Structure formats: structure tokens, C-alpha cells
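Below you'll find the structure I mean.
Order as written gives the chain letters A, B, C, D and E; numbering starts at 1 within each chain.
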């Protein structure tokens, strides 16, 4: 991948202003390694907090919507609509509401990754095979018991699809927050390096983000392997 | 092949031009020049694109997607001075004075730069406003460190001021109308140009290559654009109406307000023609930027401006 | 214990409705063992699901212990035609699922669960996941899951269909013992006439689609009964022949048989 | 929902600059109804083209990755990483590469909604129940036949989860593109109304986007109902 | 036709390996009908999956028509223990799946498919989806899907287990006819000794886990055979008794809990 990038910059004789070659980026990184890693840490923390809050709230909302088709019918169109509103456009408002500092970034991360988790959890919850559902009903299991012991475990593989998609969105959300209020984090590094046309530095930050994204994705995938080993076993 | 046509019917040149930022009053002149036929008169067909600030505009120019661009001159000089991007030349000034200013509402009781001490001010993160604030503050007799600067995205500025999360803004004075609408309060403006008199506002730029290859085209473009600029400040209502046709959500009133507000900054002192750029002032601009440590020494006016296209009387 | 009155059930499909059961009337006494036989697709599973309260009747009603069935009851357990095991739970945890759901202590029923697994020949597989088991082993797990409930009424949908002759016989004997000991009322769907005769007090023969009650046959062989050599060979043979004839009979006589 | 919004603006006596009340927004809309609808059409078109291209390319890539675990192992970390790079930061570059006009917006829409479709398709493709997989193998079905006749149909319900999540992201992508190069579309309306502090107009645009988002979501959901009726039937 | 040499298969699970088959040696002649019986979980399905080339052996090998089996062959068809129908395809389309996969024209085989559905009593259900069918009906669909392939070798895993006695008899007769007409080699796993005796040329009795070949029993009753009244009652009874004894004999499973 890196070699591809390198080859591309070389073959097209790319202007480092547009796309810097890997060595330039490495050079930019070595200019300020600790600073960059510190900023990466800031972004990572915002991302993780936003991601965690989104996971919890999306799953809770999914439970609520799964509990009642009426509530789902009534509110879901609104949720889908709100979700389509570009958070970027609302970002200035958030700044006013929740203020400077990490809150805005966490909120953006939360908002961006909330919906995929919600939708995939809902899809997972409504895919319980009918024989398992009937079995659970035949035991007079309460709604909550069926949920905890049958529907939720069955939904886990699909929930994880949402969780995996959400990792990248959480990072992007945090960065959007940081671009709006670029005090700290890799987003602010990008803003300031774009303003000074220091493209290699911007790419160093982007590369760190890519690494962070892949790492988060695979961390969630690893968690999936631990929590849902049976899903692989019953599929081919 | 154009033997059959009449002598004046030279083939039209097609060029692309990008505005400084979107389609607002300060950029109306390009559409006015097009609408009023000023470009057509000189045999140029212009494709007007809406810009998104200095960096994208410079990028677009460099990539050859546009031949001409408007942008904030001071910001571009800072980039050129750092050696990051030198492949451009200004050919005309849109604003003789920088439009950067400190803006606040009356209820803050800030009326002079010194009142800013101990206050919080929001500016576009990394913007020229922020970069030049120390130079401005020093000239105004204020310790720049006594002001807390909060960098944000420019779209967030008015909201922060309206909700009084900050005490002042560093922004273009043309957004005065917007701030007044947002805060529903009287707006107080402290222009940087009170102290930094040599800074230009927006300028029209092109590439040195085009100047070398086709100076005639550059000349024709400059003249037509400036004619549009002159016409706009002379007929703000009409200019705003033309702009409104391009962007109906941008009301005529807003456009007229902005054009009126910028008119004093467009007209050069001493009856010089609109768009003129003075070599001495450019040199002093560079000196100010060097003095405040924003760029290293070495940049000359000729590196950033080609003075041949707007003749002094 | 169970009273079925004018019970009908129609399924609506895209390509037209299917009448699965039509006007079924039946009373099953307390502690009775009723076998249900009938051709494939005649509505046996539908009947059990109606009694279990898993689907509502189109017409008529089912009463269990005098109460109209509108939803599943805790004193009624069901063994499904397909094992319906939770793939993420071990065999033991699958068996203990009802215990958890009834809000009882797992620890207290673990031994019982292990005994049931032993009885069904699964003692070595308590810690395995369902997908590691053969079809017949899965069916036995699902049987254990029903037995651990010690229900008043047990509805069993072909519980031995995937088992070999020997395991089947062993489990039939066990089931009989449990039935007698606990006085459980059992409704037992089977395809094996022999099994029906061995286990049942009465056998309900359903006619082919739409399922109606063709005949109720009393099996008057004294308990405990066992497969193979027993003192009532002739009676067994006679009842088996009668049932066989009934199944055959309503193949060619699609008239509803009056009770 | 609208009444809730109204009530909120009334109870909190909200400043119309921050959150305008519904009547203000309606008024803003009636100021320029045809213009706004035209711009909505522009945005919708960009969204749909981006969405369509993303669907096709994500499914094709998912097929490729499903075909070979080696390719998947080699390339997927890179894809996950690239996906975590904030497209917003790269937007100026795209402007240079693909130019002004609708291309950039379509590209942004495509990039934003590509990944959820990819991940959910991959998850769906790897969830084929083992008995169906074995059945197909026992017929010596070729990889492609198994794919078309078994794995893909089985993956459809999960694919649709991705498609539903992607609708909103496609709209957001188009808007980000329009904010960067605000010549046309609802994104440019938002930019210009923010510049003149015409918040009701911005909210009118946001409301149109929300309606568009809900409509797209439900259009895809309706398509799902038509294409995968069996999925509901076999789940409870 | 089929040669099985030193075949063993072990499954690795998290809680230790399971030896499903151990050193199995067997030859099945061309056109032979072999029944396989054995206790639940003794490795019958595993054996069929090994012959079908669906899983690789741990040791030993399987040859079909002289070729070592490493992956599924088109001339070998399998009826699985679970129906494995595609839920989005109608009954008819499920039956026609092999036709599509073999790259043949659907139109040419439609009639054949409809005849098979009719034979299995499903003529009214061609347009329905699998979830609208009863368990036994699904099993019959999966049977039709195997029959439409007209394979040289047919591997059948308890294909009649969910069917009532009558349908079972009818289909057994049909299967016998097809076997004789087309000369198909059949390996038929069943839990019914009666079925094994009726259908098979030889019966392989597997011992309980790990599955080994306990005995191969020849069934020397002339064909065509039929259930119920026939001229060879005694022979049938004798063979059945022998098989029963063999199953009992290799009782390595723990005894059922004391009565």
C-alpha cells in the first residue's frame, strides 16, 4: 500500500504540494514525533469516549425501538431524517451549546457513529430465527428475558458490523470537531498545516489517523472473535 | 481561418476565475463584469467558480483549473514568504485596505483595542486575522498576550459572539451585517487598518506563466474585472441584484450592505484608479510580516505582485 | 386437562390460504398420554402450537386446566420438531435455559440437568456447543430441555424421529416412567405406530389436509409396557393394524369422520 | 417531532439565530420555494449518483474480498485505514483532482457511503449457514454459482443494513462537497445563509435534507421489503 | 463403485477431539443398495459427508468409481439430514437448483420436477416458500432435489425420518423402483431396521462412538419387496431380529438410568 503510494507519486511525478511522497511525510513526522503522538492521543481519547457513548446510547435506543413497534413507527422516520442532516453544518451550533474543549469533539464523534450502530443493532434484533423465537415464547420468557438470552446474543454478529463501521466514523467525527475548534488533536494539526501549505505534515497526521482507524477496526474485530466465536462455527 | 470574419471579431479566450469565497458582496464584481458584458467586450469568456478560501484557491490555480483567482493578499504573501507557494502574482487589488478587524457588540463596552485586555477573542483558526493580531495589538498599545485567542472555524464565529461565549471576534469587517442580525445588537468594529495601514485586502492573482505567455489576455482580464469592480461600488443595488440571481438565498439587501461597506476600502487614496497596487506599500507589508516573525526575510514585492497591469495615473 | 373445541386454523400464504386444521374437538384427561398420528403435513405440529398458545386459532378454542389458552403457559412444555438450540450456549446451558427463565437457581438444577444428559447418553457432551453434535444428539438435548421443566403438560413433536431404534426404545421407557411418576399429561406426535401403541392411552388419528379428527383409538394394554416381547403381543398387533388401516383408510376416504 | 421542536423553541425562548421556530423556517422556505427545491434536486442527484456508484463498487469489492481470504487479509487493513481518514481534510485535494462542479460532490458522497456497504456486504457474505454452504458444495457448484445462488441472496438482508446506513452518509458527503465548493445545491444554500446569519434559511435547507434523508432511507427499506420478503418470514 | 479404505475422522473441538469414525473398510458395488444403521452420534452422517467429499478424512481414503474423492462429484447426490432448502426459492425452484447449477435448461426439467413433487405428494405446493411447509414436506422437497439429478451414486441421510408410516412406505417403493430402473448406487442411512431390510442389498451396522464397522449383513430377499404382507415374512423377521441384536450387542453407551 505504502509502496503503491510511493510508486504513484513517482510515476506521476506528483507535486509534493498536492501529494507528498512517503519520505517527505516521514520527514514531517520526525520533525515533531512526540507532539504528533500527543495530539494523536488527544484525538484517540475523544474518539473512544464518543464511540463508547454512541455504543451505549445506540444500543439502549435500539432496545427501546425493538420493544415497541409503535414507538419505532413513530420515531424512526425522524431519527433517519435527523441522521441525514449534515453534522458539519450544525457544528457551529454545537460549539455554542456544549462549548470549547473536548466536549464538541466527543459530541461530533458520538453523533457520527451513532446511527450505524443503531441500525445494525435493530437489524440484528429483528433477525432472530423463528424457531428460536418460538422456543423462547414457549417458555413464557418475559420480553426482557427473550431479549437478553436470545435476541441480543443472536444480534451480536450484526451489531458488530455496525460497531466496525462506526470506528472510522467516530474518528472522522472527532476530527470534524477539531477542525471547527482546532485547539488540540490531529484535526488541529491538519488545519494548521493546511493553512501553512505544509502538506507533508498534513499527510503525516492523516497517516496517523489511518493507522488509528485500522487499529480500532481490528480491535473491534478481535473483540468480535472473542465474544461471538459461535457465529463463525455455524456459517460456512 | 478568420479571414472571412470582420476584423474586430477576434476569437474569444476562455478562462476560469475563482472568487475569494463563495458568492457574496465582496466578490460580486466578477458576476457584474460578466453580466454587464465587460468581459465579452474584451473577448473573454469567463467561467466563474466559487472559491473556498486561500488554500483551495491557490491549489486550483496551481493545478491549472483556474487562470485567475481572488484571495486574501496578506495571507497569500505569508505563504509565498515561507517559500511554500510562490507560483502566483497579484495583478490588481480589490481592497486597498485590509478588511480584517476586531468586531464586537456594544454591550461588551469594548470600544478601543486596549479594552480587549483580559478578554477572550475568537478568530478563524490559523487565519491571517489570528496571525496578524500580535502585530496589530502592539501597534495599538495592547499586550497581545493579555487577550485569550480562541481559534475556531469561521462559520462558528457569529454564533459564539451572539451567545457571548467570547467577547470579541477577529474577522472580516464585511460580516458586520451578519453579526448584527445574529446578535440583534449594535456592532462595534475596530479595523486592523487603523494601525496596519499598508495591508491590502483581497487581490486578483494569476500565474507568472500566463503573464509571460499572454500578457495581453491578463491585461484585458484585469481591465474588465476592475471595470466590474468600479461599476459595483457605483451601483451597489444593481450589483447585489445580479448576485442575487446567482445565489437567490443571498438577499439583495445583504449584498448591497456588504458592497456599501467595502466601497471605502476599494477606492484608492488620491484618485488613483481602482485596483492599483503601490510597490512601497507592498514592501511595507512584507516588512510588517517579517517584523512579526511570520515570514523570513528575502521576499521582494516583485515576487508577489506584477505592477504592470494597473497603471498609475 | 386439555379441552379442544371446534378448533380450526388456516394459514394465509401469498399463493392462497392453507387450511391446516378443521373443526377439531378433543378432550385430554389429566395425566393422560395421547399420541397423535397422521400423514405428513396434516396439521400435527400446528395442533401442538395451538395448544401451546404459540399461534392463535382461526376458530374455536383450547382450554388447558380450564383456562382458555391465549399465550404460552409455564406449566406446559414443548419439544419442537426442530431442536431449536441456542448456538452460543453449551449443551448444559441449553438444558438449563428454562431454569434460568423461570427464575430458579441454576446450581440447584445442575445435577438434574446432568442426570437428564446422562439418561440421554450425552454425559460427555455437556460442555460442547450444539453445532458439534449430530442431529440425533441435538434432538436429545432439546428433549432434556423440556424434561427439566417437570411440566404438568408436555407437548412433544416427533421427539424421537432422529434417534436409532435402541435409543428410541430406551427413551420411550424413560418417558413412560416419568409420565407415570409425575402424572404428566403428554401429547405426543409421532410417525411410528409402534411407538404410539407402546406409549399412549389413546391415539388420535388425524385425516390428511385439512386435518380433522379421524378416529380416537383406545390402547388397552396395561402399563408398564415395553417394546419387543411382552404378554400382550396380540393386542399390540391388533391395535397397530387398526391404526395402520385408519391411516390408509382416510387416504381413500376423504370424508370427514364423525366422532 | 415538529411540535416537539416548536415546543422546545417556545419553552426555552430560543434565540431565532440559534434555533429558529418552525414558522420562521416555513417563512424562509416560502421566500424561495422553487429555488430551494431546485437546489435540493441538485443535491439529490449528486447524492444518488454517488450512492449508486458506491453501491456498485462496494459490492464488487466485497465480491473480490469474499473470493479470496488472501486478498482480504492483505488489503482490508488498508481499506479500513483509508476509510478512517477524514474525507473533509482531503476535500481540497479532490477539488484539484476531479475539479469543480458536481464531480467533487459525487466523489464525496461515494467515499462517505462506500465503507458501510462494503462491511455489511462482507459480513452478510460470510454468514451463510453451514448447511446451505454444504448443500451447494455437494452440488459441485462453482464459486460463482454458490455466490450468486446462495451467498448473495442470503447476504441481502445484511447488505440492506449497509445500504440504509449509507443513504444518510451519501447526503452528508454531497453536502460536504457543496460546502467546499459552494456553487449549487443545499450545501451552498447553507453556506450562504450562514454567511448572512440567515439561520431560518439554513434550517429550511437542513429540513429539506432531513426530509430527503428520511425519504431515501424509507425508499431503500421499501426496496428491501420487495426484494427480501422471505427474511421477515423466517425470523420472529 | 465406492471403496472405503482405512477411513478415520476426528473432529477437533475446543473441549477436546471427538473420534467420529475409526478405521472403516468397506466396498460398495455398482448398483448396490447399502443401508447404514447405528446408534445416534456414531458417525453415520460423517461417513456420508466423507464419501461426498464434503469433509476430508483424517486418515484413509474413499474412492468413487476408482477415483480418490477430494471434493464433491457431480455424479454423487446427497440428501442431507436437515432439508437445507433456500428460504427465498419456491419449492419448485429449490428442486430445480441442481439443474441450474449443472448448467442445464430449466424448461427441460420442469416437468420432471413437477412429476417428482407429485410423487412426493407436494403437487399443490410448487409455488410456496419452504417456511410455509411442515417438517416432513421440507424433507420431501430435499429428496426431490436429489432425485432430479439422476446421479450414479445417491447418499441419503435419514431421508424418511420426518415422514409418516404411509408416506414412508410409498416413497420406499418409489426409491426401490428408481434404484432398479437407473441402477443407482445408494448409501442409505436409516434408523428403521424395517426400512433397511426392505430396501437394502446389504446393511452395514456401525458400532457406537467411535464408529467402526460392526458387521455387514446380507439381505437375501428377492426384489421387488414391499412392506407388510409378503412371501418372505420369516426371512424379514429373522434379518430384523439379527440387526436388532447387533445394535444391542455393540452397546458401548452407558446403560439407561436404572428403572
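Rule of thumb we're sticking to: a contact is a pair of C-beta atoms (placed from the backbone, for glycine too) under 8 Å apart; a residue touches a chain by one contact, two chains touch by 3 or more.
For clarity, every value in this text was computed on a predicted model and none was experimentally measured.
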Walk from chain B over to chain D along touching chains and report the minimum step count.
1
Tell me, please, which two chains come out on top when C-beta pairs in contact are counted per chain pair.
A-D
Note, CA centroid farthest from chain E's centroid sits on chain B
Computing the C-alpha centre of each chain, which chain sits at the greatest distance from chain C?
B
Can you compute the centre-to-centre distance for chain A and chain C, using the mean CA position of each chain? Integer Å is fine.
50
In angstrom, rounded to a whole number, how far apart do the mean CA points of chain C and chain E lie?
26
Averaged-CA centre spacing for the pair chain C and chain B, given as whole angstrom:
86
Residues of chain B touching 2+ other chains?
55, 59, 62-63, 155, 159, 162-163
Where in chain E do residues touch at least two different other chains?
82, 129, 131
Within chain D, the set of residues that touch 2 or more other chains is 18, 92-93, 96, 130, 132, 134, 194, 231, 233-234
Pairwise, which chains touch?
A-B, A-C, A-D, B-D, C-E, D-E
Would you tell me which residues of chain C are touching chain E in their complex?
11, 13-15, 18, 37-41, 45, 81-82, 115, 118-119, 121, 123, 127-129, 132-137, 140, 158, 161-168, 170-171, 173-174, 177, 191-193, 244, 247-248, 251
Chain A partner contacts - residues on chain C that touch it in the complex:
49, 52, 54, 71-74, 76-78, 80, 82, 84, 86-88, 97-98, 100-102, 129, 131, 149
Provide the residue numbers of chain A that touch chain C in the complex, in ascending order.
131-132, 134-141, 145, 149-150, 153, 228, 230, 233-234
Could you list, by residue number, the parts of chain B that touch chain A in their complex?
55, 58-59, 62-63, 79, 82, 84-85, 125-127, 150-153, 155-156, 159-160, 162-163, 165
Hey, which residues of chain A end up touching chain B in the complex?
15, 17-18, 91-93, 95-96, 99-100, 179-183, 188, 191-192, 194-198
